[in-house]
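The structures come next, written out as structure tokens.
Next come two complexes, and both contain chain A; in the first it sits with chain B, in the second with chain C.
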Partner chain A sequence: MDFIQNFPFFSIILSMFSGTVCSVLPRKAARWVNTIVVSVAGILSLILLIYLIGTGESYTYMMGHFPAPWGNEIRAGILEALMALFFCIIMLLSMLGGRKKLDDEVVESKHNLYYILVNLLLSSLLALVYTNDLFTAYVFVEINTIAACGLIMIRQNGRTIEAAVRYMIMSLLGSGMLLLGICMLYDLTGHLLMSNIKESVELIMAEGTYHVPLLITIALMSVGLAIKSALFPFHAWLPDAYGYSIVSSAAMLSSLVSKGYIFLLMKIIYRVIGFDVFDGSRIIDVLFVFGLMGMIFGSLNAIEENDIRRMIAFSSVAQIGYIYMGIGMGTQAGMTASVFHILSHAATKSLLFIAAIGLTDVSGGSRKFIDLTGAAYRNKWAGVAFMVGSLSMVGVPMFSGFISKLLFAQAAVQNHGKMLPALIVLAISTILNAIYFMKTVIRIYTPVEESKYESITFKNMKLYAVTLVCFIILNVVLGISSQPIVDLIEQGLAMFA
Partner chain B sequence: MIYLMLLPILFPILMGISLLVRKEMKNRPALLITTGVSLIITALLGLLAIILARGEMLLLFNLTATLPIIFKIDNMGMVFAGMTMIVFVCAGFFSFEYMKHEQKEKRYYGYYLIVFGILMALCFAGNIITFYLFFEILTLSSMPLVLHNGSREAVMAGLKYLFYSLCGAYMALFGLYFLNKYGNTLSFSEGGVINAELAAGNIQLLLAVAFVMILGFSVKAGMFPMHAWLPAAHPVAPAPASAVLSAVIVKAGVLGIVRVVYYLFGASFLRGTWVQTAWMILTLITVFMGSMLAYREPVLKKRLAYSTVSQVSYILFGLSVMDAGSVTGGVLHVICHAFIKAALFLCAGAIIYKTGKTRVDELRGIGKEMPLLLWCYTIVSLGLIGIPPTGGFVSKWYLAVGALESGMPGFSWVGPVVLLISALLTAGYLLPVTIHGFFPGADYDYQKLQKKEPNSFMTVPVLILTVLSVLVGLFPNVLINFIQQFVTKIV
Partner chain C sequence: MSKLKPQKEYEKTKAFHFFRWLSGSKDPYLGEVEMKPQKEWKVEESTIQERMREKQMLRDKVYDVEHNDKLIFFHKVYAIAAIFFCIALAGLLLYTVSYLPETGAADRPVNNEVPARYIENGLQETGAVNIVTGMILDYRAFDTFGESNVLFVATVTVLILLHTNKKKSKDGKADEEPENDRIYEPKNDAILQAGAKVLVPIIILFGIYVILNGHLSPGGGFSGGAIIGAGLILYLNAFGFKKTEKLFTEKTYKVISFAALTTYCLAKSYSFYTGANHMESHIPLGIPGHILSSGLILVLNICVGMVVACTMYTFYVMFRKGDF
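Moving on to the complex of A and B:
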């Protein structure tokens, strides 16, 4: 066994231990530890990705001393490594971009707690990505939930506490359903390791018994994870949680936390239930329809919104809808499009959150559109970044959003039954996206005669500006040279099956 | 040598961006010289690219494995590129005087240059994905021209423009997914790319796709039922920007339709289908409706915008007949209409600049105040109506003859009749300005008369465009032979 194969384990355990260490370190040291750990986890994932491309096959890694069918397992393939790498990049950039706001808005004694939570979040995300057994998955889903609640609540005012409570309730409901599903699956198959469950499920399907319980299990797990990732109509917790928490939290919640659950769902679809069984169940149509509805209603809500942060949050509902639509198509192409959209949306949405905070900061802290008039002239970097993010969301070529839409549409064309609804809703949703994002872009680029607010120069926001540039580059790279990444995703999905 | 074709695209875009990011310039002449020199250099580079890199294909990079970004200069692209360069240079020099009384000149010139580069890219695009890419960017980069004066009316018009155009672009993109599946390639090729084997059994689906794509690009060309943005957006822009919007940017939609119909689906695939019939009906409705709306519109610039709606559908009618003669007429009208409409908008701009008058009924005696300008206006108006010896006559002649010869039941004579009625209406809405301008009536107070002829920055561009539109009519054979040569290959 190669040394590199240990890397998934290393990165999970490293981020978990550094979380513990952060509690006793001074504030600045904790910040450094956090930055370094996220970077190291990213580098480890990158090396692992290169290694896996080299070997061309995935492997499982036994944790502890119990061999299968008991014990815990980690599995690493191209897709897992790619996801882990991407999550680390986004987390690093979100933390850097929001660092100043963290200093401004959170009391100093809470900073260490924040870094602990972020490290825990990273470790749970990595575990969700790499896990090969449902028990570990469930444990880290819970850790993830708790860390996410903490991230929302770290800036304490009425709004965030309310948002965190809401999030907690909905999220626990989701976890509960997932747990029920896992229990029933254990009952049906007698296993917790993914590969073993899949074999048993195939047997059950072949014998034609236990169809109804299996269907209910699939439903419970899908809906549970759908609630946690804010699929329409389970999105009620989302706007407040994303809209009022501090900016790094909002960026991470929208682009990492919800995506981690979606990735877990994909893993369950491929590695636990089996793609064909899932495709055969009607649950897939439910996800498809909810996805389509989310695409429209999320955007409609965003159009009505008068608060830029909540608008971006509602746009997430629409984008999550895209991802579920892709899953719901029940084809390999649809799944590829969904995975790509996870990446593209993560890169774009965190960019938008970080850029929006720069714009509100130069508008007296107000998030109302009327105050944001001309904000792009007061903070030029944030203005450009927001425009890039918006264009990507609308689906203008050269940016990542266009490639997602292209992949979704091409997947839709291949599926005769779902082609028409998917294409029509894609069209409507594109127009709706354009309405609220372009409206905002025009608003921030409308010159004002005499501004009551001061402009900010590059000197006062070096780190922030550099972060934005990195985000923009990430977006353009995904938009221009998407083919290698799509190829990787396809290879990874092939390894999944 | 092959990379030469990137120069007329990249140079103006880079110059435009450099103008936009630079600090506000105190020194106005420096700004004007930069812009003027950039315009001329771009036109020369365009010419050079056309001469040296004609017919070659440049693969820039692959967006995805199946979607390459390709540039190729073919004959159709050359016609559009030539028209674009002439109008852009003329209107650009006109702006040097006109923009004196507008704010934010630097921003205007920046976007003006960017739009120029994007249009060159559209003309040189070698496949539908490249075309779509620049089509989207064209919308986004031309919107600041519409928004320029920042008034509420302008912002509403700009938003309208944006949403109509995005809708249209998305409808065009919609077809791309299907072409990717049922076509041999996405590159523009004479006679179409549809794979007959794959398409068998899906003909109706593909026809619907073709229709949606035509409708999508027709948004930019202002065809009924998606024309409503045009009369709102064109007049609110500064006059030279209205000129390029009306004369050139609407032609981007026309070029899109030409590419879809003749270079992707192929005329033989669409001829005689319901798509052709429906499309033709829409163009005829637009021709008539645009003229009627222009006829009862009191504001001169809006009247000209409605006239664009009507005249661009002349071109689309010619294209929809799919007969060699009518398509030749359509392509020729692309050029004629560009010169004429640019000249008309520039005249309207000069009148606004000198007198501040916008409504047609205020323009009594304008011919006494600025005779040279109104003479130009009159001559190009005659061209738009279709009176020899101007270019408009030749193009409309070919349009009508092509329609008559096509032998389509009903349409072969309904079409020319509608064109004729519309020509009468055109006379009705354009000539009153001339009549009241030169013959203000007995009660006109000649004592108050002041000479208001604008300076040569304004008159020379208008004069050049007028002369060109007449020259096309006097010596049409050069152009017609050239156009016919490549049109017969695609029809």
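Moving on to the complex of A and C:
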């Protein structure tokens, strides 16, 4: 066995251990540990990705001295390594971009606790990505949920605490449904290991016994994860949670936490239930319809908002709708488009959140559009970054959003039954996206004669500006050299099955 | 009851005191327990009116609650839909359960090779007489490590929400914060203290026993830790913060949880790494049945127990609006 195969295990354990270590370190050291651990996890994932592209096949890794159905096991393929790499990059950039806000808005004695949460969040995301065992997945879903509540609450005012309580209730409902699903699946198959469950499910389908509980199980797990990732009718917790928490939390929640659950759902579809069985169930159509509704209603809500952060948050509802639409198409192409959109949305949405905070800071802290007029001239870097993010969200060529919309459209054309609704809603949603994002861009680029707010220069925000440039580069790279990444995703999905 | 004692003699017996306490003419707490009444919550009349006016205006002018048909309709539909949804979900789950494999049948899918190996080879492979402990701390130790981190992250979240910062005021008056519950608590409760004196050592000893014997008899880190935590909470209630602070402060919590989680992490990382790379782990399993046996399980049990005890105690302290 090659030494590189240890890397998933190293990155999970390293981030968990660093969470423990951060509890006793002084504040600055904890910050350094956090930055270094996230970078190291990213580098390990990159090396693993290159190694896996070289070997071309996935492998399982025994956690302990006992082989799979008895002990724990993790699994790494191209898609897992790609996701882990991406999550690490986004987390690193979000933390760097939000660092100043963290210092401003959070009591100093609680910074350590924040870094603990971020490290544990990273470990849970990595474990969700790499796990090959449903119960391990559930344990790390718990860590993810609690850490996300903490991330929302770290800035303490009434709004965030209310948002955290709301998030907790909805999210625990989702966890409960997932747990019920796992219990039933265990009762039906007698296994918790993903590959063994899949064999048993195939047997059940062939024998024709237990059809009803299997269907309910699929429904419970899909709906549970849909609630946790804020699919349209279950999105009530989202705008407050993303809108009022500190900016690095908002960026991480929107681009990492919800995406982790969606990735887990994909893993369940491919590696637990089996793509064909899932495709044969009616649940997939429900996800498709909810996705379409989310695309429209999320955008409509965003148009109504007069608060830039909440507007971006509602835009997330629409984008999650896109991802579920891709899953709901029930084809390989739709799934590829969904995975690509996870990457592209993660890169764009965290960019938008971080750019928006720069704009509100030079507008006296107000998030109302009237105060944001001309903000892009006062903070030029944030203005450009926000524009790039908006163009990408709308789907202008050269940026990542265009590619994901193209992939969705291609996937829709290949699917006969669902082509028309998917294409129509895609078009409507794009127009709605353009309405609210272009409105904002025009607003921040409207010159004002005499501004009552001061502008900020590069000297006073070096780290922030560099972070924004990195985000823009990431976005453009996803937009221009998309073909290799799409190929990787296709190879990874092929390894999944 | 044939002979009646003279009144004076009767007043000295315990029965007399007991019946007086029973009839309510004597309060044993009076004069013994130090109690402070809570300060009355004073609110200026004008602010109440202002707040009420805003609320009233919101109700009447903005929503027009009494005549707003849409709102009334929404509340009715909401209630009905909520009840319907709950009943439907419960019904659906019950319906599903009726299709699941029969409980206790020998040919259930659950009875496959996985539990068979746990039961047949568990003792030789893990060295733990208690198979459940062997399962959670050796076969599936990664899950349990995640589980103890769940407790850790839960404590961190509670600290974020409820921890007050005492150090802010530097003039030494930090203890007199009005929002602190400590100063209102009854102190020196004789009955509770007498009870605690007997019970706390027994509870904590029992907790330690449960943890140390986790691999031999039912129990283990989670249950033993919960018992120790309960003992600490009882001690805190009986003797107050001044006494427990000698034993348990925020620093103690940090040190203990750090030490426990670090030990767990390092020990298990070694075992994971050697296991995955098919190397031999040099940890002896010992003779099954002895206290010092079953390899890492004993150490891990102690770690989990410490984390659980700290978590229980910290939760209790935090939810009393205070600090450690």
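Throughout what follows, the second predicted complex is superposed on the first by the 497 of 497 C-alpha atoms of A that agree within 3 Å, B and C clash if a C-alpha of one lies under 4 Å from a C-alpha of the other, contacts with A are read in each partner's own complex, and residues count from 1 in each chain.
Assume a residue touches a chain if its C-beta (ideal position, glycine included) is under 8 Å from a C-beta of that chain, and two chains touch if they have at least 3 such contacts.
These figures come from a predicted structure and were not determined experimentally.
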item	value
Which of chain B and chain C A:T446 touches, first, second, both or neither	first
Which superposed partner A:G19 touches (first chain B, second chain C, both, neither)	second
First (chain B), second (chain C), both or neither touched by A:H65	second
Partner contacting more residues of chain A (chain B vs chain C)	C
Chain B/chain C common contact set on chain A	none
Chain C - residues contacting chain A, complex	92-93, 95-96, 99-101, 108-114, 117-118, 125, 138-143, 145-147, 149-150, 152-154, 156-157, 159-161, 163, 165, 167, 254-255, 257-258, 261-262, 265, 269, 271-278, 281
Chain C-facing residues of chain A, complex	1, 6, 9, 13, 16-17, 19-21, 23-24, 61-66, 69-72, 107, 109-110, 113-114, 116-117, 120, 123, 127, 133, 135-136, 139-140, 142-143, 146-147, 149-150, 153-154, 156, 161, 180, 184, 186-191, 200, 210, 212-213, 216
Chain B - residues contacting chain A, complex	61-65, 67, 104, 129, 132-133, 136-137, 140, 147, 150, 155, 158-159, 162-163, 166-167, 170-171, 173-174, 177-178, 180-181
Chain A to chain B touching residues, read off their complex	391, 394, 396-398, 403, 406, 409-410, 412-414, 423, 427, 430-431, 434-435, 438-439, 442, 446-447, 480, 482-483, 486
